[in-house]
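Sharing a structure, written as structure tokens. Questions coming.
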Amino acid sequence: MATIVVEVMLKPEILDPQGNAVASALPRLGFTFAQSVRQGKRFEIIIEAEPTPEQLAEVEKAAEVLLSNPVIETYVVRVEK
Amino acid sequence: MATIVVEVMLKPEILDPQGNAVASALPRLGFTFAQSVRQGKRFEIIIEAEPTPEQLAEVEKAAEVLLSNPVIETYVVRVEK
Amino acid sequence: MRVGVITFPGTLDDRDAARAVNFGGGESVALWHADADLKNVDAVILPGGFSYGDYLRCGAISRFAPVMKLVIEAAEKGMPVLGICNGFQVLCESHLLPGALTRNSDLHFLCRDQEIEITNNTTAWTSSFAIGEKITIPLKNGEGSFQCDDQTLAALESEGRVIARYIGENPNGSRNLIAGISNARGNVVGLMPHPEHAIDPLTGPSAQGLGFFTSILNAMVK
Amino acid sequence: MSLDTVAAAKLTPENKQPFAELGLKPDEYARIKEILGRRPTSSELAMYSVMWSEHCSYKSSKVHLKQFGDKAPKSDALLVGIGENAGVVDVGQGYAVTFKIESHNHPSFVEPYQGAATGVGGIVRDILTMGARPIAVMDPLRFGPADAPDTRRVLPGIVAGVGGYGNCLGLPNIGGEVVFDQTYAGNPLVNALCVGVMKHSDIKLAKAAGAGNLVVLFGAKTGGDGIGGVSVLASETFGAGGSTKRPSVQVGDPFVEKILIECSLEIFAEDLVVGIQDLGGAGLSCATSELASGGSGGMKVALDKVPLRDPSLSPEEILMSESQERMCAIVEPNKLPRFLEICKKWDVTVTSIGEVTDGDRLEITWNGELIVDVPPRTVAHEGPVYNRPLAQPAYIDEVNSQAVNVPIPSSAGEIKAAVLKLAGAPNLADKSWVTSQYDKYVQGNTIQSQPDDSGMVRIDEKTHLGVAISTDANANWSYLNPYQGAKLALAEAARNIATAGARPLAVTNCLNFGSPEDPGVMWQFAESVRGLADGCLEMGLPVTGGNVSFYNQTGSVAILPTPVIGVLGVIQDVRTRMPMSFKTADLDLYLLGDTYADLAGSEWAFLHDQRTGQSPNADLAREMRLIELLLAGHETKLFSAAHDLSQGGLSAGLTEMVLRYCVGATITLSNVGIDLLSESPGRVVVAIEPYKFEALQELGLKFSTTVSKIGTTGGESLIINDCVISLDELRNEHTSTFPRLFG
């Protein structure tokens, strides 16, 4: 068993109200470390065995057509060690 | 500038309706690689400089009280290289 | 005049949309997401709701329903298609319309009576209105903020493809207060607020939504 | 752990069992052994422990709730009474309506969004189970102080959860309550009401009849979430340091529930089930034992056939799991193929897990080995019953004897300040911040919702038949006098129905209290039940069902006694409903009913930190005359508007009226301070065209109800004697509170 991770984030130019809400909630709770916050999605895909290059290509495709919307989002595919 | 990432996922025993929806949509599109899918959140926190241990401890605290609900979720804090 | 109303798993406003079609003088025809033909309809409505729970992204999973292949083909040939709320989201995800609908800027689901201005009356779905006509119909969604890149926005504006705009304070962060847009040909329209809930003052804020459902009759007569 | 079978239990009678950890008392454990003639298996122990919990067995409340049956008024409308998943009433034209309130208090404190969401999900399944299409929801809510930091966590989460689940199901939210008090700080109350409609012939019951019929489980797969959620979470008082027994809460999937609703309704329409039960608290333990207990025979279930989300679950855990969005049906074998077909259409997981037998035992096997062998009634319906000690708490005499001591405004400046203060008080302020997160339009049949006195939905588009529902509780009065408080809440809910022109027909309730092990709390509970039962008898309204939530307390501090009463009424033609306010100038405003110096338990007293004095006495005969007056006036189209007065008295009532359609009013009051602030029950403000005065006076005489002119409509201000408040100023005060507090 292995885990492939797909991370999907809004493009930098797209408004991120969720990230903004977190960024403004942090100082209210006394946390002052953040300059800004962006919020995105993380998919953990469990597959049977170590992924083959073909499988990874398939995941890339799925990330592009289903898991993200290229109009507003970008994605990264990683194999979790 | 540096980026701290907080990943929040539902605990394994907690139902993940979103992950399930993705898992059942994938094969309908001809993608057969996934045994199961879990969907979580990814926060990218931009800070001014390389994080200090104190800052990281603060982020941990924020992850616990604000970014996740420990009743149903777990979190991981990582420094993005 | 047969107007198909598609039900996806999780669609909610299908019966309301069908009722509105009939109120407007058309004949509503129920279509199911798994259908393999469009039952000879002259136009199609994708109603509001939470298809597939709105999981992943609103409309992202419905876009791949069998019936959508047929809708996309028919739309490209000029069949009038109206997407309301979740239907608008499906049309964007299907790339029949540009842009995307994202979380409301205040992060809350918002249900309220919203005044909008009709800014294009040449589409299949807006011909019953006058340009500049102001109507009040319900707005109800959690992800109704229309977003696109600057270039797309400029194109939509210069080609007059913004068909309705919110009046007053921006309810959800939509760019340029956009409430609805059309494709270049004017047969495909996406609208965030719900005209099907404004066909009778007894159950809605007004009857001013009816125009969308009478417009389509004009379109066919022509 | 090895499998604990019935055979093993017989061989190892002395095995130690963790009955106490599961919440069973030693005598309860002894009783189980006596019933079975041996020690229970661990699966049986799991079943008994969840089913005999306070939440499922009503062991502390049963002896009191009996009154709802004993004192039940004769009612031809009642089709299904207390005991089933929800009561059903006849509303005419062949339609039956089912409605019920349930609580999901503790889970909503732990995980506000999911707790509230699954609360809505649970009550909707109860309504569906009766064979009805759910048509609307309501959400009476109570929180700690509005400005407390934890309320900022709890309230937005709960509101988002109620909306997130209800909106996704396509159920309009047509009303509710938002009330703040210190005692709810660690115990927010999330009560959820659902109403559904069906034809008489479609009523379904939870019973497993007909040997050879199949036990069919459909909906979501069973997971490990919420194991013991209801029984442990709902019966464990939160200590100061937080509960150690906090199990994981359940996460709801409203999309699956929406599919389950449509799938079930299609199954019902083809008459494919003999009996049906939803899986709520106590999951499969509850569904199997209640179905078997409700039928005539026994039942055999192969537990290993249950589809699992988590394959590592033990049989005990499967029996206790409270995974959401599951249903259990009894199906004749020849109808199974069609049943499966419909499930396939909707992509719903479905499995036949057993069958009805002609025996009298509930037998459950795990891979062929018998792990449960019990008489189902002993699990489901014959749990322990307690006659808990009760005693009037000491505070009662103390607060009752203390007079209310609050400033009474008289100058124009004081009046203005008081009216504005009440308009912006969290308990009375505009609730749009909450309700705009709820879809009120979906289904296209909503006639009234927030901020109207009651919610109203049309149930027939051709005849315009409709139902109205209101939920009310006045915990301040219940605190001062629980017997009167329950009656007064009942009267208020009924009045809220009648102001729209609907005739009250039936009652549901959700009784939220502290620990039943505290004799003072038990007394509050007993008095409330007695008051509600007496009140229902007097008003001729049957109680059709309800819910009890105990252990709402933090340490030794209980919440205020909070019996939430829901009244459902019928209106023959929704197009004739009376609006809560006036849309034009030059109407005359009249007050129906009498005003006394009733400040005890009032919002004005609350704003001055006082909860003393004596609650008003409910005069239900007078309330009923007022209701008949309203209905008679509705019949003859006498009223242009009618609005109930309750919390905040005339001051709040006028504020709501002038702001509803932005038409002002000029009011003249003789005893202005008391007239504005008193909360005397049984009062309604009506607007009529001036020439209809005589007709109104006649009705007043006929129904022995005081009718006093208080003013006229019009203008852009609320003018009270010499005090002028512009509508803009009033609106600003009324609408800014929630956005300021919750963003």
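Order of writing sets the chain letters: A, B, C and D. Residues in each chain are counted from 1.
In this text, a contact is a pair of C-beta atoms (placed from the backbone, for glycine too) under 8 Å apart; a residue touches a chain by one contact, two chains touch by 3 or more.
Heads up on the chains, UniProt names are A, B, C, D = Unannotated protein.
Every value quoted in this text rests on a predicted model; they were computed, and no experiment measured them.
A.B. asks: Centre to centre, using CA atoms, which chain is the farthest one from chain D?
C.D. replies: The chain farthest from chain D, judged by C-alpha centres, is A.
A.B. asks: Need the CA-centroid distance for the pair chain A / chain D, whole Å please.
C.D. replies: 40
A.B. asks: Averaging over Cα atoms per chain, report the distance between chain C and chain D in Å.
C.D. replies: 36
A.B. asks: How many angstrom lie between the centres of chain B and chain C, each centre taken as the mean Cα position?
C.D. replies: Here chain B and chain C have centroids separated by 34 Å.
A.B. asks: If I count partner chains per residue in chain D, which residues reach a count of at least 2?
C.D. replies: Those would be 253, 255-256, 347.
A.B. asks: Where in chain B do residues touch two or more other chains at once?
C.D. replies: 17, 21-22, 25, 29, 39
A.B. asks: At least two partner chains per residue is the criterion; list those residues in chain C.
C.D. replies: 52-53, 55-56, 61, 64
A.B. asks: Just spell out which pairs of chains touch, all of them.
C.D. replies: Applying the touch criterion to every chain pair yields A-B, A-C, B-C, B-D, C-D.
A.B. asks: Please output the residues of chain B touching chain C within their complex, sorted ascending.
C.D. replies: Chain B residues touching chain C: 17-18, 21-22, 25, 28-29, 39.
A.B. asks: In the complex, go through chain D and note every residue touching chain B.
C.D. replies: Residue positions touching the partner: 110-111, 114, 220, 223-225, 246, 248-253, 255-256, 309-310, 323-324, 347.
A.B. asks: So in the complex, which bits of chain C are touching chain A?
C.D. replies: 56-57, 60-61, 64, 92-93, 98-100, 102-107, 145, 147-149, 173
A.B. asks: Going by the contact rule set out above, which residues of chain C touch chain D in the complex?
C.D. replies: Against chain D, the touching part of chain C is residues 9-10, 12-13, 15-16, 19, 49-50, 52-55, 108-112, 138, 140, 142, 194, 196-197, 202-204.
A.B. asks: Can you name the residues of chain B that touch chain A in the complex?
C.D. replies: Touching chain A: residues 1, 4, 7, 9, 19, 22, 25-26, 29, 31, 33-48, 51, 55, 58-59, 61-62, 65-67 of chain B.
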